[in-house]
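Structures given as structure tokens follow.
Below, chain A partners chain B and then partners chain C, in two separate complexes.
Entry: the complex of A and B
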């Protein structure tokens, strides 16, 4: 088994601790497919989500980070649109879908 | 004895409302369904509050790739959820659960949608229900057509199965051994460079109507199963000869000697594939001594398939064919909401840690707790 010599850590700030915790739980569920090539650890520190990447090459890490960022975008969009709005009736905007 | 569907009803509430998210292939669907307390019946039917869909359409000659499809879903999922809630006139607090497609399907698109489901579930404190895509099709088809216990032909871009219910499982009687019927049609559409809008299969269907000559193709029923990759390879080579600039061995009709057109090929492909589907469905009917057929899945919206199935069933005593229109046939969110809500009413909720999506999830793995006939 090759060594996970390449490491990188990113810190993503959220509006509050609760959101950081929810983001962690949402992403931590999915397993990494090639665990001998890549390891991702999610930790929450107050309102920050710390994502640690350990991989066999820079390429592996780049792909993994890109994927995490894509997921974070969806999560933040959910926060922006839905947080605290479970009692709000959304009105249809004239949007082309 | 019938199943008690209301063991988990909220006190003082006379109905359930579920949100369903579907994104296992190139369609992103969001649906909201309402069930009143009690058994679903002709007088107590599920109510569709919202059922919206956005399809990722790839250029002619190209299929949809997992990465691009996932990007499409991520782009639209939140907007579609908001739109569904507004169309339905429903607030987060009105919902009982969030249902999502857990499989089978393409990994990246499934995963992009479940991210939104998990986040929303935590934000609004709602339980998640993972749904088998095939069971979603079956349950929605049964509810829309009110067919009691049909043999189900599930035909789409990713699946081809003949299914019959027995003892709380949807059991697979026959299935494709290689590619799905929809995949076969889609890939042939790519060979002919037919547009993928609104759907490649729809465009093949329209061209097939103009076909006049039948070109013999391999007919590959294997017992209760089918094989379609050889048929595709065969017809693709016919099409390649047709478009080859070198001339030479272009296919001609055996009787009239007229040149075979792309329309003829579409016609012949449909006739061959659908005959095979009708044959295994008929055999399944004989096995389970049923006379009802329910066609679900995207290819089920093909009217020629419905017609051919009708011809077969007409010869059987009291036979009937049930099919739905494109709103419910083609992948949609409402079927996920409906099947998920049936599970939810039996207490089947999926803890966050078990919400990992899976590309392989067979129809018969699902415990159909909500039926006991």
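Entry: the complex of A and C
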């Protein structure tokens, strides 16, 4: 295995520990392709999600981090839309004849 | 008033042993990234970006999403430049090697 000499870490703060934990668990399930070229670790430090990328080149780091940030932005948007809101039960609308 | 959620990043590699820090800066920030939208070539050809992200809300999380887009742009541009530097350096080394090899060949041919 080539040396994972290129490293980049990103720290993303959330509103609370619970959101950071949910984001970490959501991200951690994605398998890393080409694991001999790239290693990604997701950790939580209080309300922060820490993503660490270790790769054999800038190219693999660039592809991976842009993809991860895109996914984290989707998670953030979900929290922004739904977290803290009252639960709503959606029911199928009955058609009137 | 909402708390500011500011993402940060740190990069290290053999070409950058002291490391390089990324911060989003003062802004303004937007969810429309320069490096994540479809290329100008496609847009000029009449293409449409159907994955355009929604605008950031005026909430802590909305602003976090916009700041994250800014830091994503900064990282993408930085790493793309690093890749170009690496390619140029490799091409220079290849040229140097080729010249040295040809020099040896030239020397050999002189002796013939």
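Odds and ends about this structure:
Rule of thumb we're sticking to: the second predicted complex is superposed on the first by the 86 of 97 C-alpha atoms of A that agree within 3 Å, B and C clash if a C-alpha of one lies under 4 Å from a C-alpha of the other, contacts with A are read in each partner's own complex, and residues count from 1 in each chain.
Following the convention adopted for this analysis, a residue touches a chain if its C-beta (ideal position, glycine included) is under 8 Å from a C-beta of that chain, and two chains touch if they have at least 3 such contacts.
Predicted model, so just to flag it, every value in this text is computed and none were measured.
Contacts of A:29 after superposition on the shared chain: chain B is touched, whereas chain C is not. Using the contact criterion defined above for the overlaid structures, shared-chain residue A:43 touches neither chain B nor chain C, since it reaches no partner. By the document's definition of touching, of the two partners only chain C reaches A:7; chain B does not. Once the two complexes are overlaid on the shared chain, A:69 sits against chain C while remaining clear of chain B. Touch criterion met: A:79 reaches chain B and chain C at once. Residues 70, 73, 77, 79 of chain A contact both chain B in one complex and chain C in the other. Interface residues of chain B facing chain A in the complex, by the touch rule stated above, are 52, 54, 70-71, 74, 76-83, 85-87, 89-93, 111-112, 115-116, 118-120, 122-125, 352-353, 355-356.
Residues 5-15, 57-59, 61-62, 65-66, 69-70, 72-73, 76-77, 79-80 of chain A touch chain C in their complex. Only residues 22-23, 25-27, 29-31, 70-71, 73-75, 77-79, 81-83, 85-92, 95, 97 of chain A touch chain B when the two sit together in their complex.
Listed in rising order, the residues of chain C touching chain A in the complex are 3, 5-14, 22, 31, 35-36, 53-54, 57, 59-62, 64-65, 68-69, 71-72, 75-76, 79-80, 82-83, 86.
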